[in-house]
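In the part that follows, the structures are each spelled out as structure tokens.
Next come two complexes, and both contain subunit A; in the first it sits with subunit B, in the second with subunit C.
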Partner chain A sequence: MSGTADGFDPPAVKIAARRRARLRHWDLVALVFTLITLGLAIVWAFPLYWALVTTFKPEYEVVRPGIQLWPEHFTLEAYIHVLTRTKIGFWYINSLITSVAVTVIVVIMAAGAGYAISQLSFPGRRLFWWMILASFMVPIQHGLVVNHFILMNQFHLINTLPGVVLPQLVAPVTVMIYKQFFDSVPKDFREAALVDGANEFQLLFRIYLPMNWGITTALAIITFIGAWNIFLWPFVAVNTEDKMNITVGITQVHDAFGVSYARDLAVAMLAALPVALVYLIFQRRVTQAIMLSAGIKG
Partner chain B sequence: MNGSAAAAPHVELRRVTKRYGAVTAIADLSLTVEKGSFTALLGPSGCGKSTLLRMIAGLEDITAGQCFIDNADVTDMPPAQRRIAMVFQSYALYPHMTVRQNIAFSLSVAGQPKKVQDERALEVARILQLEPYLDRRPAALSGGQRQRVAIGRALVRKPEVFLFDEPLSNLDAKLRVQMRLELAKLHADLGTTMIYVTHDQTEAMTLADKIVALDHGIISQIGSPLELYNKPANKFVAAFIGSPGMNFFGVDIVTMNGRTASVVLPGGRTAEVGISTSTSAGPAELGVRPEHLAIVDPNDPHAAFAGAIAIIEHLGNSTILYVETPAGQLIVEGEGNLAAKSGQAVGLRLDEGHARLFGETGAAL
Partner chain C sequence: MAATGVQLSRGLELIVKSRRNEIAVAYILMAPFIIVYAVIFIWPTIQMVELSFTDAPLIGEGAWVGLKNFWRLQSDRLFSTAIWNTFYFVLLSVIPSTLLGLVVALAVNRLKGWVQSVVLAAFFLPYILPVSVVFRIWSWMFDKDFGVAQHAITPFTDGQHVSVFRTLPLFMPAVAFVTIWWLLGFNVLLFIAGLRNISSEIYEAADLDGAGRWTQFRRITWPLIWPVTALVLTIQLILQLKIFDQVYLFAANVRTDATMVMVQYILKQGFQMNKGGLAAAASLVLFLVIVVLSVLQFQLLRARGER
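Our next item is the complex of A and B:
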């Protein structure tokens, strides 16, 4: 403000007063917005809270009419049942094996394919790239369930872990992200390494991948979360309990008396736990990964 | 460097051509680089000097012709097998590796034991005074240190030929001078053949024992720095080398008597200029370096031009004057303590022994 030093400048005072009024107005608007967001956050988080609270209730409390925000009798019965009477150990291990396998293979394959498309010149490179772009238009995980089933059946891989993993390895978005990132690596690095005697594998694994390490972690996390959460394909591909993933295993938690909500939700909570942990630990990377794939998908 | 090996050809390009689609970057070029020499490829941007270097390195395919290193045909050989090392303009230091790993990278990909890698990296770091920085990443180094790591990465391979692609252009002026000295010292110590691409004529003049001046993919002139400076083969070399640049103006050749030609200067006065080829009377262009023009009294009977000073630049060790004359604006380099004022009327005396005549094609006469 270019007022006088003593502050007795009527126009300046007027401006300051107007600004204060405007600020008060903004404060009010901000408050309203905050309240709205808070309301929405509660709407979003309430089901999670409800599910968590339910797991600590005895079954008769769960089915009692009315809304009970806190258990009257706190119990771990649902968890004890799930952990001792179901095959949750198998489901966990199956989920872990398939998710880790999908993550490792997808990342290595996508990095390799992205590198080849980005850096090598070979006949059919453009065609290959267009095919990957085109495959992006196909809803691979959902639209092709029948095709996957027939294919895996012909390979005699139905009801096996490889059968669960294989169809999940088609990941065009991951290839695209790698390609874009490898494209942006200055060509001097490649040439310097070539002069230094590096071959293409050394170039990929010692220069390009480490230089894009952040992308690899981001893609690995998002692939892992996707593979852990997948339901439809393992549900179709597996028909014995000992081969099921945790997501499919949830459907098996019932007994002769029908569905028990506390138990179902307890197993769901246990199923979500690793993903929640991964998210909490790698929060920033996950956000980055989601933005990356959204940027490409958008 | 030992005398007997100095004359042996080390890198040889035989009638090489490089085409990018319909564009010819280098046409039918032949070049020999002697063992142990420091050769500079000099030219403006787009003249093909980097392409030429990259062809020697094996980073660009040669469309036609052959490349020899140490008498072996390397035309179709991958870069790593050519026993060359290259320093890039951007340094291309791997950002995720420490200085030690950067220097030892070529040994590491060749499967050398860790102990050998560390020893060699240390040896090179000592030569380049990089020892305190061995465990740092490139991001934590200054420009000059990065430059040294890039040289170290080349040095560790014990190459037959060093290739430099404008290695100093990313440094500030002071550091550039310092690194220039270090490179000259390195060459003196190692005696390895070095080929150096630059658009900076000062770098080429100070470092190289041979300069290859390139213009649009064609060699304009090859020679020692002073040869190029004093006896430019054509107008391109004359204009490119020297700072401030050579003055050019049109003259008329009236008579020739053996090794000299009598020319009429703009403004009507005449001058006797040395020539090395016989030519016919007619229009030509005269090139005079700024230090070969001297400020004299406007009424001096020996003055070639009369004019007025337009701009004066005091550089301390010399004074650069821009003088308006009948030949256009001429640049004159005078002594540091020259007393002159802008707008002052002056005469310019021409050092005829150092003036060069160029024919219509641009070739020196």
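Our next item is the complex of A and C:
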């Protein structure tokens, strides 16, 4: 193949020409593939767009046949109605309080447990680690829903926000991720700090956590999204409108509006707003956290 | 000699002290996790097993009845329906969403720069939405009178509009379809991560050897992406066996037992019928089904990958 570069080797030239022809052919195929991909992406995103645009239409336009991609008369009537006539304010605050509480507690708890299991030796360490690994597959939220209800009832926490928070706090995967990251911090840091007289708490809060700040952000975001979106447990644990989370609230009071798609969708868009914003702002962190919780180091 | 002995024992004392200190710190750090784990997971699990052998109501004491609850489940038509519907839903959602996830990941992976980010976001955005928002969006899309999805349905039905979620044979496929739309982004993300881990040198080598695209996919991409495929299948299986939210929401106006799934059966027995024991027994079955099937599937898939 030494003659390829100066073009004196006829078979090589022929191969190159054939390759170029094949590439041109591939260019066309590639373009078609790209167009199909773009088309599918548009189809996939369309329901989101369609729901959003419907909320800005007056009711008579909503029920007009045909596909009208932009409102003729842009109106915020649906949003105003939902904000003034439903308890969405309560639901929003309940969701916010419970989601933030779950996030803060889970992250602190998991960081502590992850650090202890990763860096310290104590009796029971292996046992705890095996229990965490084993609970990875167990359907804690769904399988235990009846017994969580019984338990929260014994604690007199049914229909309270702490009652909504508590059963969401078991997060073995978060501990696993913290352990994995603390494991990979070089031992030199630890030894140097210990020689300087630092104690374990200082090690955790001054070295290990700051070094893995990105992971804490990612885990906090994904925990928040999960807690905001949770449906089954708040649905079971709460039975008055004032205490409902937004995910439950928007499905339970449907009849109070009568059938009005603009309003139904407006309340849904408001429910989705925080998680959509969090995702759009922290896209990279969200994807990182998802891959980490699936066991892929991204 | 005596002096070094004293020093040695002092050093030992310090080590013992710092060791004891380490254990104390460890338990302080572990304490919140251990308490929550014990109260929210271990204790209710023990209670569930215990409850499943009694005839207790949801709240209150009951008598030990042995395996009676499990016999009742076994002969309960509604429980068979719930199991059958759950497996039917798993079949409709798990494999299609995995395959489609791979196809979309391959397609998105070819794109570059901001186009790739935008397309990926289009597929991923539904995944972060709450289930009730997904429910609202698709009830509107499929609405019998005004839904735009009817435009895609009427060509097959001579212009007749179809009330998708009130037509029993269409119910599960439609819920599975919505679920795939909702969760596909997760699979796509995992597959893209897997595809990026395949070294481009392998493809370059295959190119030089004149391997076509299809051969490259079959001989390189498919075997190398297999571990991710196994992972996605397992995660989806565990997730979809727990199906409740969508089925409940879409069936809420229908109120029929025909679309019952396992978690829904548990809630019905526990909260509507006030049969705590029976609900616990059904929960235990769900537990076992999920653990056994997911372990089995993962081992099987891994074995296939190693061959």
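In this section, the second predicted complex is superposed on the first by the 253 of 298 C-alpha atoms of A that agree within 3 Å, B and C clash if a C-alpha of one lies under 4 Å from a C-alpha of the other, contacts with A are read in each partner's own complex, and residues count from 1 in each chain.
Operating definition for what follows: a contact is a pair of C-beta atoms (placed from the backbone, for glycine too) under 8 Å apart; a residue touches a chain by one contact, two chains touch by 3 or more.
Quick caveat, the model's predicted, so the values are computed rather than measured.
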item	value
Which superposed partner A:225 touches (first subunit B, second subunit C, both, neither)	second
Which superposed partner A:108 touches (first subunit B, second subunit C, both, neither)	second
Greater residue coverage of subunit A in the superposed arrangement, subunit B or subunit C	C
Set intersection of subunit A contacts, subunit C complex versus subunit B complex	199
Sites on subunit A touched by subunit B in the complex	186, 188-189, 191-199, 202, 206-207, 210-211, 213
Subunit B - residues contacting subunit A, complex	57-59, 78-80, 84-86, 88-90, 92, 94-96, 105-106, 109-110, 153, 157
Interfacial residue positions of subunit A with respect to subunit C in the complex	30, 33-34, 36-38, 40-42, 44-45, 47-48, 50-51, 54, 62-63, 65, 67, 105, 108-110, 112-113, 115-117, 120-123, 125, 128, 131, 135, 137-151, 153, 166-167, 169-170, 175, 199-201, 204, 225, 228-229, 231-232, 236, 246-248, 250-251, 261, 264-265, 267-269, 271-272, 275-276, 278-279, 283, 286-287, 290-291, 294-296, 298
Residues of subunit C defined as touching subunit A within the complex	21-23, 25-27, 29-30, 32-34, 36-37, 39-41, 43-45, 47-48, 51, 58-59, 104, 107-108, 110-111, 115, 118-119, 121-126, 128-133, 135-141, 143, 145-146, 148, 151, 181, 184, 186, 189-190, 193-194, 228, 231, 235, 238, 241-242, 244-245, 249, 252, 263, 266-267, 270-271, 276, 279-280, 283, 286-287, 290-291, 294-295
